[in-house]
Each structure stands twice: as C-alpha cells, then as structure tokens.
Amino acid sequence: MTLLEISDVSVHYGRIRALSGLSLTVEEGEVVTLIGANGAGKTTTMRTVSGLLPVTSGSITFEGDDITRLRADLRVVRGICQSPEGRAIFPGMTVQENLDMGCYTRKDRAAIAEDYERVFSLFPRLEERRTQVGGTMSGGEQQMLALGRALMARPRLLLLDEPSMGLAPQFIQQIFRIITEINEQGTTVLLVEQNAQQALSRAHRAYILDAGEITRTGTGAELLADPSIKDAYLGVG
Amino acid sequence: MIGNLPTVLAQGGVDWISFDIGRLVDQFWYNTVNGLAYGSIYSLVAVGYTLVYGVLKLINFAHSEVFIVGAFGAYFTFQFLGYESGGIAQAPLVETIVNLILALAVAMICSGLVALTLERVAYRPLRRKKAPRLVFLITAVGASFAIQQAIMLWRNPNPELAIQLIAPRPLFEVFGVSVTNIQLTVFLAALVLLLIADSFINRTRLGRGIRAVAQDPDTATLMGVNKERVIMLTFIIGGLLAGAAALFYIMQIPQGVVYNGGFLLGIKAFTAAVLGGIGNLRGALLGGFLLGVFENYGQSLLGGQWRDVVAFVVLIVILMFRPTGILGESLGKARV
Amino acid sequence: MSAHHFRSGTATKVPFGQRIRDWWNGLSRFHQWAIIIPVVVLVYLMPFLNFFPITTEPGTDFELALFNTARIVLIAIGLNVVVGQAGLLDLGYVGFFAIGAYVAALMTSRDSALYAEYPWLLVVVVGIAVTMVSGVIIGTPTLRLRGDYLAIVTLGFGEIVRLLADNIPALRGNVGFRNLERPPGEWSDGTRIFTQGDGIPWYWLTVTAIIAVLILVGNLERSRVGRAWVAIREDEDAAEIMGVPTFRFKVWAFVIGAAIGGLSGVLYAGQLGFVNNARFDVVTSVLFLAAVILGGSGNKVGVILGAIVIAYTPERFQVVSEYRYLIFGLALIVLMIFRPQGLLGARQRLLARGRQAYKRLVGKPEPVSTESPMKDSGKGTGA
Amino acid sequence: MTTTSGSTPEMRHHLDDPGTDQPGGLVGEVARMSAEERAEHEAEVADVVAPDRDIEVEVGETLLEMRDVTLSFGGLVALDSVSFSIRRGEILGLIGPNGAGKTTCFNAMTGVYRPSSGDVLLEGRPLGRLKKSQITRRGIARTFQNIRLFGEMTALENVVVGTDARHRTGVLGALLRLPRHHREEREGVERAMALLEFVGIADRAADKAKNLPYGYQRRLEIARALATEPKLLCLDEPAAGFNPAEKEELMGLIREIRDDGYTVLLIDHDMKLVMGVTDRLVVLEFGKKIADGRPAEVREDPSVIAAYLGVPDDDVA
Amino acid sequence: GNEEPAEGGAATNDSAAAAPDAPTDAVLPAGDGTGECEDGVSIAYIGTIAGQNAALGVAILNGVRLAVEEHNEANAGCQVTLKEFDTEGSPDRASGVVTQAINDDSILGVVGLPFSGESDAAGQSFHEAGLVTISPSATDPALSQNGWDTFFRGLGNDAQQGPAAATFIGEDLGAESVCVVNDDSSYGIGLAREVREALGDAVVCTEEVKTNQREFSAVVGTIEASGPDAVFYAGYYTEAAPFAQQLFARGLQTTLVAPDGVRDDQFVQNAVGAAEGVYLTCPCVPADGFGDFFDAFTELAGTEPSTYSAEGYDATTVLLRALDEGLSTREEVLEYVRDYDAPGLTKHFKWDEDGELTDTPVWVYQVEDGEIVRDREIG
C-alpha cells in the first residue's frame, strides 16, 4: 500500500521556487532515500511532508487521505515524525524532557517505557546524561538525542534528515543498523543522507533530487551501480 | 554660570537625598509584610508577561490593560452586588467570601477574555504573516493605547469611587508587625494560584508543550504540539492570573480603578519578571516578591519619592551580577 | 548560464517596499539626484503647503506641527541606529532626549543657577556632548546584557532620568524652567527669527539637522561600523569571534543614538521655551520606538515615514482630540497587520563596491532584490 | 547547464584542470576567459585570498600550544589536562568520539570558555584573558559546528565582516569617510568577493545567508573565517552535510588553504577526509588525549580503534 | 440679604457666614446692550478642559461661556466668539497651546490660564505677543513679579490665602502642630511656603507628593509619626482625594485643611467618606448670593456654580467691555484692561501695575454631608 504520495508539489520561499513539480511515493514498509547536492531541496521536501512549509501547488496524501492542508501537529498524530536537519533539540530542556517531547502525542504508557529502554540501550550516553540540559550537549550527542526523540514517537512514517551528520564513525554504522532494524519492525522510513553509499545500500528505493526536481529513481542497488551517480554523489573511488 | 555647578550639586547632595537608616531598621518588618502583599500582585501580573514572553518572545505591553479590565470587572461586580461606593461594607463573613469569590471569577474571566481577544486580533494575524518580533511590540502598544482610551472614553479620566469589601483588620503580629486580614488573604491566595500555575507548566503535558513552543516552535510542531493552542493557552493563563491580581489590587488599594491604572503596575510587574529571569515562571514569582519588598525598603531608606527609582536600581544591580535574571537560564541556549 | 535553478514564482507578489527599492536601485545616479533634489526642496517648502488635507489646522498650528514632526523624525533616525542597526532594544531613549532638553534648560533659562549668556551653538554642542557621555555611562554597565534584558534596563534608566528630574530640586520638577534662550538672529525688520510662535525657522533648522544626520549616519552604515552593528544584531557571539569588538560598537551605537536624541532635545526645548519633567515618560519612549518599527526598523527612509505617521497623525486629528489616541492605537494595530515588515522593509542590498566586484566576477549585474538572487532571469537552465 | 548534476562545479577549478568539463555559471565565465586572462584572474584571486604570502609554508615552528588545559562544566570534565601543539603550516586533525571534547577545545582556543587550568599559547604567548575578538585579531579564526552566520546579511557582507577584523578605520574615519576608510572598504569587498569565489559560492554573493542551503552555509563560514586573515584556521566539522563528492572538493580546498600559507586545525568525523588531508592527528576521548601522530599510525592504534573508529568497515571509512 | 437662594443646594449651617449678595452696581457681561465691534473678534479661554483636574477648569469655563452668551444676546452689534483651548492643565502642554492662540489674530483677550504652573510657563509668550490675560484663578504670588505687562489676576493670591489659612488653622481650629504637604506644582510649592511661613513653629513636618501620585503610604507614615493636630495639603484634588482617603484609613485623628485646588465636588466624590469634615480655603467668593448669575449658570451648565465660576464670569466681563468699545487690536484691549476700574460680581476690579487687585476676600468652606458648604470669610 502507498503510505505517502507526493504528487506534483511545488514549494516557494517567498519568490524562490525550491521544489518544482516534485512527485514521489513511499510504500508501506519501505526505506526510501532521497539524495541530492547541497541546495537540491531535500530538506525542503522533508519539511513539506511534515507540514512546516505550505505547498504552492500539488498534493500530498498519506494512507490515501489528502493531507496537503493538514496542520503539522495533526500530521504527527497521524504518525508522521521527523528528525530535522541540524538536530533542533529543545535547548533549555533536559535530555529526559526532550525525549518526553518525542512521545507528546502518545498515550500508551507501557510501550513508552519500553521505548525508553530501547533508546537508552542504543545511546547509552543519553542515559548517562538524562538531566543534562540539551543545549549544552556536544554536536553528536545532540544528534543522538534528536534521533532518540524521533524514535520515541514510534511513527508510522519516520523522516530522517541527515541523521548521521556529526556522528562519530561507530555511531554512523549504528544509525544505519537502527534504520534497518526499525524498518523491519514495521516503520516506514524516508531518509535524506549525504552518506549515499550507506543510504543506498540500506534503501529499498531511492530518488535523486536536483534543483528541486526528481531526476532519477530506482532501487538502491540500481543507483549504486550507476556510474554517473557514483561520480556525482559517491565520490571518486 | 557653570561655575555654579558645584554649588548646585552640593546643594543637592545635602538636600535632595538622605539615607534614613533608622527608619529602614524601624520599619523593616512592616515593609517586609507590606512588600510581600504588594509583591503578590506583581508576581501574578508578572507571570502573564513571562509566559507570553517565553512563548512569543513578546513584551506584551497590553498586559497592563488585561489587568485593568479585570479590575473594572471586579469593581462592577461589587457594584452589582449592591456595595455602595464609598462606604466600607460590613457584610457577614460568609457572604463576603462568596462575594469575593464571585468578583474573583468575574475579574479572571474579564482579563482572560481580553487577553484572548488581544491574541486573536492583534497578534495572530501578525504571526500568520511571519512579522518580525518587534512588530508585535508595536501592536501591543497600539492595543494598550486603544484599550486605555476606550475605557477612558467610557468612564472618564477620573478614578472610580472606592469600594471596600472588607475593612483591613489586624489579624496577628509577626516581629511586632501586625498582618492584616487583607494582606494575608492576598498573599495566600496569590501563592496558591502561582503554585497551581507552576505545576501546570512544569508537570502537565500541555505545560510541556508550552515550554517546547517557547524554545523552538517549529520543532515543537514536529512533536505534535498544536502551536496555536499553546499560544492561546498562555494568554489565557496570563489573563486569568492578571484578573486575580486585579481583584487583590482593589482589595488593597480601593482607590485607583482608573483607565491608566495598569500602566505603572505593568511596568513594575514586567520588571519583576525580568528580575526573576524572564520566561521562567518561578522567576516571575520570586521577582515579584523581591521587587515588592525592596521597593518598600528603599522607600523607608530614601523616602517615598525614590520608591520607583529604587525598583529600577535594584533591577539594574541584580542584572549586573546575573545578566539573565535571578533564575534565568544562564547561557543554556548559547552554546557556540 | 548559472548553476542556479530558481525560477521566479508566478503566484507570489512582490512586496511594496521591495518594489520601491528595486525601482530606486534601478535608477542611475543622475536620475536618483534628479529625484532627491526636488524632494528636498519640496520638504523645505512644506510650510507653504498649508491647505487641506495636508494642514493640521484648525486643530494645531501647521508650522509647529511640521516642526514637531521633523523633531520626531530626527529622534527616530537616532533611535534607528540603536534599534534598527545594532538591534539593541532601547525603551529608555527618551532619557537622552530629556538630557538634551535639560542641558538647554540649565544653560539658557534664567530659572537655572547655571544660567549665563552662552552662545546658542555652544548649548547645542554641550547638549550633544553631555548626552554622549551619559550614553557611555548608561551603556557601559548595561550593554553587557542581551535582548530584552537590555530593553527593561534601558527602560529603567529612562525612568530614572525622569525621576531624577522629579526629585532633584535643582532640576525644578514639575515647575520646570521657563523662557529658554533661542538661537540668535533677526529678520530684516528687527524681529527675532526664532520665536516660540513661528514654526518655520525651527522646521527648517530641524530639517537641515536631519539631512546632516542622515548623511553622517549613512556614512557609518555603509562602513565597517554599520556592518559590525548588523552583525551584532544577527549573532553577537559569532560577531565577537569574527573579530568584531562587539561591546565597543554597541556603546558607539548607543552613544551616536544618544547624541541625536540629545540634539533633538535641545531643539525641542529651544522652541518650546519651557522644560519640565512631564514629557519624558515611558509612553513617549515607546512612541519613538513605534515610529522606528512602524516605518521598518533598519530602513532610514521607512523610519522617517514611520515618524511622520506617529507625529503627524495625532496632530492632524487634534480636532477630534478625544478620540485621537484611540484612533492612533487602533491605527498602529491595523497598520502593522497590513504591513508587518514596516512601511518599508529593512534595507538589504550589496555594498556599493560589492556590486562592482560582483559584476566583475560573476559577469553580470548584482540581482537587485534580496529574496531571489536570480531575479526574473527567465526559465532556469537547471539540468 | 551541462555539468554533472548534483556536484558544485564552482569548486572544481581549484582542484583540477578546468578544461575537462564544461562548467556553467561562474566557472563557465572563467572557462571562457583566455588562458592568460584566466591565469591572471586566478593569480588575482589567490593574491587577495592570501595576501601574506611570506608566511612560512613548510611545516615549521610551533604556532599554537595547548598546555595542560583542563576545562570542566560542573562535575563534568570536558578537557582533562590536554596538551598538544600545532606547527605552522600543518593541517592537524582533531578527532574523537562524540562528546570527547573537540569542540570544547576550539572553545578554549577562541576564548569562548576559559580553561579551568592550563594555558593556550599562540606563538608562545598565552592567550590569558584576551577577549574573543582580540584572539581573532591575534590570528585564530574558526567555523562553528552549529552554523552561526549573520542570517539577514548577504553572503558577501558576511565575509566582509570577517575582513573588518583587519581594518583600522575607527568610527570617526567612517563618519567622515576618510581616504583610508575608502581604501579599506574597497579592499575588503574585493577580498571578500574573491574569497567567495575561492570557496565556490560567488554566484550567491547577494543572497541572504540564512537562505543558502546548508552546504553553502558551511562554505560561507569558511570564507568568513579566512577573511580575518588568521594564522590558524579552525574548522569544526566542515564536511557535515556534504556528500562524498563534495567532501572531496573540500579536501582540495583545505589543502589549498594550507598551501596559501595558513595553518589548519580540523575536526571531522569523516575518516576519509581526515585521513586524506591531515598531516597529523590528535585523538581525544573523554577529554583526554589518547593519541597523537601521523594519520597512518593513528589509524592503526588499537586504543583509537577501540575508542573511535570501531571495527574497520569499508563502507564507513 | 441673608436669605438662602431658592434652589438652596448648599445647606448653610448655623455658624456659616452669610454669602455676599451681588453688588447692585456690578458690571455685567450684557452691559447696556449698545456694544459695537467688528465682525469676527474673539476672546479665548485657555486652560484645562478635559485634562488634569478638569473639573476646576470646566467650572470656570462655564462661567466664561455664560458671560459670552449673555453678552451676545444683549449686544446685537457686537458678536464675540469664544475660542476654547485645552492645556490639559499641565505646564508643558500649555506652551504649545498658547502659541496657537497667540497665532490666531482674531483673539484679542484671554481668560486664563487657570493654574499657576501653566500660567508660569506661558506668561512670557503672552507678554511678548502683547495679548492680555486675566486669570480667574491662578494664585501663585510670583506670577505678578515677572514683569509681564499682560498679566492680570482676577482674585487674591496665595500671599493672602496662605496666611489666612494659617490663621484659620492656628486660631479658629486651635491646632498647635501642623503638617504641611504640598504637591510639586508651582501652586502647591508656593502656597505651602506661604502657609509654613505664617504658621512658623507650629509646622512639625513637611512632605512633598508628586503630580499623579496615587499611593501615599510613605507620606502618611511620616504624618502619623508626627501626630499633628492638623494637616494642610497644598495641591489639587486629583491627588488630594486618595491622599485624604489613605490618611484617614490609617485612623489618624487630625483635621485636614486644603486650598482652592481641592475645592471641588470631585474631591468629595473621589475621597468618598474621607472628605467629610475637611476644611477648604479659597480666595473665591461664594456664588449662592448672586441670584441671577446662580440661576443662569445652573441652567447653562447643569450644575451650580463652583470654584471660580463667578470669577471667570467677571474676568470675561472685563474683556467683553473692552470689545464693546469697538477696540480691535490687542494693544488697545490691553490698554483698556490696564485702566479698568469697575465693580464685578465678586469684587471691585482695578489692577495695580503688577496686575494685582487690592481688595480680595478669602473664604473657608467645609465638607458636610458630602457637600461643600461655605463656612466663613477668613481674609
């Protein structure tokens, strides 16, 4: 079943058009990756799906319902959660409170407790620092917190905008493992990553975004194998 | 001649300011009690400033009018209940209490409604248009002007006649100072209201939503927080508390329900909020009490005309040492 | 030709201020002057345009209304340096205005113990100097504070200035100083040029001061100093780490703002001939601020417009004097809702020389607008 | 436009022969110049980018020294008696797990935090209680892990603010537009423009910084830091948000910066970048230095592998 | 006579002195109905209308309006326009407003300004413009000492009211210790000085309050500590009302005496119970004896004449007389006023070279049952 469908969406910042007629779909249970250079419009896409940016034209459907004009917070209730670019943790709240914010819309107490366990076992640093104020954490620690917070929401569709940014190598591996893992547990993931190698190899499908438009799409493996993609996004060698 | 400057200043030095330490010591406890009672009003109003500030980063200049409308609300409730302006009522205790609670409810509702209307009319349209922060300040000022003037045109520029529901009566003494029934009621009621507000903000889910919006509205939305509702809520809470403050105000100072009567009080309350650390509810509480008390000390030490100066000097001195207020988050947000 | 992929949106409309600015920047230097000069002439001729609907009569004397408007314009330009440029929210600006007025009063009123027959120009100089010094005195301890903490502290200082005037006997409180000296000079028929009753000379004097201040402040804005202010406004920590001595520049902003406030205080006191403690309250400060923001904080032309609205409207509606502040308050709300960026938005364009450098390197003129770097460059050539 | 989609061609010409592709935009402009023109143009750019060419280029004497620096936040010791030094002309990498104290190290060097004990010495002189802006003038510039640009200013103006650190005009000079002011303004703008070109974002010079995409903002930060003419340039995760191709360009850029006479201190988690560009590595863990040496050595160091690199995994490196 | 006026609004108590009758030879605005003047001549009232202490200004303004109305009705050949300017009662506003009046060439004479502070601020401008002013109420003695040849005072000044009040406090009330409180206006400061000088050693404390002050706990505290027999408050009713309230709320046993600036029903209303028994001195003549004036005023204004209503009426009469003569320049009107010598309702008007009158009464009133009633003449 198609979980998310973006069709022919355009988005403007003032007079600038950042997305022009973008269409993509995410099927239930998939990991879909969005790849593109700086400024291609990846973050814009993510924010549009979350409802932070209004579309100028086009439509977005989620589970078959049109959510184009749905308020952002109601999209969260429907199960769309994002770990935004640049972490965006609540700087004045403690680690614990930040995680609490992740389950703002949830009511299933027992499951929440379980999720705490899981997040803490993924990122022991967060457990050590439960009472530290979020804003004083190091960059990578904040990234862990942002991811943990998104996981706490147990979304149907998880949007990850550059989740590996700022993480040390051993955590990067872990992040990708987690993505696969939660995906296997039933969460659909839309992933933006600069670490295209990893992202593509973990993704069922991928889209290449350039200048606000989709220029290529295919399975992760296909794109990985494509020399032009390799040249542009995977670096030489 | 400029040559006279020393003389002029010297004359000043001797004349215009003098430190009466004896009086400060004599009236210390009296001032403390009095200051706390006054401070409760500052605190209640300060919470409104601090909450709105926290969420919108807006100095809600019109909050003083939210307050004064509550005062009018309470005043007219008294009138409606048949109290004669002028006299001191001598109703039986139970009746008085019921009436007070009634007036409290009306005052809170009036203020709450005004706060909510303000939000809707003056601020929300701006938010929709993503106006810069300072612009809100100007609509706030505009709203403040408009409400004041509307009241003035309706009532006239003179203060309403005093109505006193309960006569001040000493209840007991602490440190040789009698505490009146009014002071005690006001202090306790304010404290209770503030504690309720505090636990609402810090303990409940909605409260957490408020704090999240305060720190990062977009991300809060990404967590499923309904930003508009949160903002509305803060205005309502602020308004309700200002309404309560308004009733307490006319209980303590029956004279003075007048169209611009909120202005100075508003500034003081805002000062209190900053003193405590703006955006921090407990800070507002602490700041209010401190300001109330220190003003009184300063008044004893230097004389009544220096009261307001003392308030601001206290503020400046404290901010010198704690640039984000007493309970303000120090640098928490400003990691480089 | 560029790697750029933006196309101008069709649906989004160009903001008014932006359109004006685009148009203006599109004009040649020659054309710009061809507009500026007649406008300046017109401004000087304003007192003779005393007819409906411009005039404020019969409510208020038109010429005095013009002077008062000009005075507020001057103040707004000064406050704009502090608020609009450096981003320091100053709610006590009226304090500097008061200090300027009191210096004039102390030096030129016979009610003052310091009275002597000083040349009026000296009064101006002393007035400005004293306000600048007080700017340093007030700024040094307070400018370490950030944002709204600064706002409330400046508000406090403004109030303290007023309350000192209240409480120091030598400053004569509510009673005030009378019969302040005015600038010298006589018409050919032997009557004084500068009197209380005739607004025209005062208006001209103030307009001239405004032009001078605009030029000087403009010089600053287009320099390292102006850049430092904006950088501080945007991110003080980052500015400091980029080598901007932020504290020093903040004090400068404060001091320059203070000087302009002081100057207008001297002018005000001179025209009115009377100074007491009554008009230096927070409300006045806030009105000054309203002028700046209403016009478009950071944009000089906008700020001038804002000040005109703030000062002129109440004078214009003096006739309906009971309702004028109600009208005024509502007008503020409505105006802001319709023009949330201010009458004219903040200035934003490349530095003059930046344009040349840009052109040389990129090979085409700098795009005029801010939002879209590649304004209307047709259909993009994206891959 | 005919460049390979996705990459940022503007940076290319700093790296290799610009003739091999047919870039558009700025590069296209440059490409259309004649050979001499181009050479001249590049010399010009390089000239403004690094005016002090006589800075020692070969790895030389100690430029900056961390001497027993300890820094703690409440109970948390973020730097625990850390000592290392940076020699003139080298590219030093500072790596370590998340929360190891790398950014804190930068903060200690640039005066954001004061060490609880120990000293930071620049050219043998302790920084002591110098203000942040003074430290910058002494010659340390940095970028920020969480980008800190002047959002409402154009990209160009952002960089010009950096050049101001070297200006001498005072308020009076600016007020009266003295000749020196004129000259400095002109030079500043030209230099800033050249720096934008150098990092490859000249065509967006007129954009507000906040409207630039993440990757451009990072480059802009580098340009701004370079504008202060630092002796030591500290880059805090400059490659975050870059794709591998872009990272490669960045490597070239960093090398070029060094070749222009700057000393570079680099924090990044991308091992390919770090190993590829640095001359030497310092590794922190829990606020302590656990290794210091040439990349090849450090890479093999078991304690570093355990603490940081994890099981060697080709996907990641 | 000693009869009460028919309306009898003001209850007289037994001890009260009789209100004076209107002098039979009093010159009234209507004159003899033969006035001739140019079209478009006007006089102005400049003073508070809607600002600070507005009630005091309005009481005067209504007197002025009445005079002009009566005049215009009787003199078909001379229709005078009354122009009203609101100074909001504050000196800093006054200067601007006065300039405007001065710039209006049709205005040949001014009634005002009512308050001393604003008169002080604006006097020089009138002097320079040669525009005659007759103040029906400003009482600061210093006003006549500035060398302004356009200043005329239509009543006694505080150099009379002050000592009279002091005598009343000391002798009639028998107070041995007095606290003198004043506000920060020229009026309050000047009057308090006169009172203190006259009281001498009886003054046990002096305090100052501010315009617009509402909270007096500090001042009241000091007064309480001194425990005076009487308190004299020199200022206006706006502050006096809350002051009185807070003074008596503390249960102080003392007598409050206040001057003309407090003598208004607004004081009684605002101070609620606290006004009861307060003595009010005033260089104003009780108007209840001026039958025709009293009635006409009551009809026009809807209230009885109050403080300085009759004085305002008298001052206007002087100017109207000048205009009836056909005088058409400010200079001529000024000259006319300077030489004026005729009785009015309240007193005889003939000014000395400073612009002061010679024979000026001071009365004391008291608040009884919420009404201000005349008590006796004290100077």
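The chains carry the letters A, B, C, D and E, assigned in the order they are written, with residues numbered from 1 in each.
What we mean here is this: a contact is a pair of C-beta atoms (placed from the backbone, for glycine too) under 8 Å apart; a residue touches a chain by one contact, two chains touch by 3 or more.
The structure displayed is predicted, hence computed values, not measured ones.
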> Is the C-beta contact count larger for C-D or for C-E?
Replying inline: C-D
> Which chain has the mean of its C-alpha atoms lying nearest to the mean of all protein C-alpha atoms shown?
Replying inline: C
>> What's the distance between the Cα centroids of subunit A and subunit C, rounded to whole Å?
In response: 47
> Once you find the CA centre of subunit A and the CA centre of subunit B, what distance in Å lies between them?
Replying inline: 44
> Taking each chain's centre as the mean of its CA atoms, how far is subunit B from subunit E in angstrom?
Replying inline: 39
>> Just the number, please: Cα centre separation of subunit D and subunit E in whole Å.
In response: 79
>> I need the residues of subunit E touching at least two other chains; which ones are they?
In response: 50, 210
>> Two or more other chains touching the same residue: where does that happen in subunit C?
In response: 166, 237-238, 241, 322, 371, 382-383
> Where in subunit B do residues touch two or more other chains at once?
Replying inline: 305, 334-336
>> Give the list of subunit E residues in touch with subunit C in this complex.
In response: 50, 86, 90-93, 95-96, 99-100, 102-103, 117, 120-125, 128-129, 183-186, 189, 210-211
> Once bound in the complex, which stretches of subunit A touch subunit D?
Replying inline: 13, 16, 35-40, 43, 85-87, 125, 136-141, 143-144, 162, 165-173, 194-198, 201, 208, 210-211, 215, 228, 231-236
> In the complex of these two chains, what residues of subunit C are touching subunit D?
Replying inline: 1-4, 216, 219-220, 222-228, 230-231, 233-235, 237-246, 252, 256, 346, 348-351, 353-354, 357-358, 360-363, 366-367, 370-371, 373, 381-383
> In the complex formed with subunit B, which residues of subunit A make contact?
Replying inline: 50-52, 71-74, 76-77, 81-82, 84, 88-93, 97, 100-102, 104-105, 133, 135-136, 149, 153
> Mind pulling up the subunit D residues that touch subunit C in the complex?
Replying inline: 1-3, 5, 8-10, 23-26, 28-29, 110-112, 131-134, 136-137, 141-142, 144, 148-154, 156-157, 160-162, 164-167, 169, 171, 174-177, 181, 184-186, 188-190, 192-194, 197, 202-208, 211, 224-225, 228
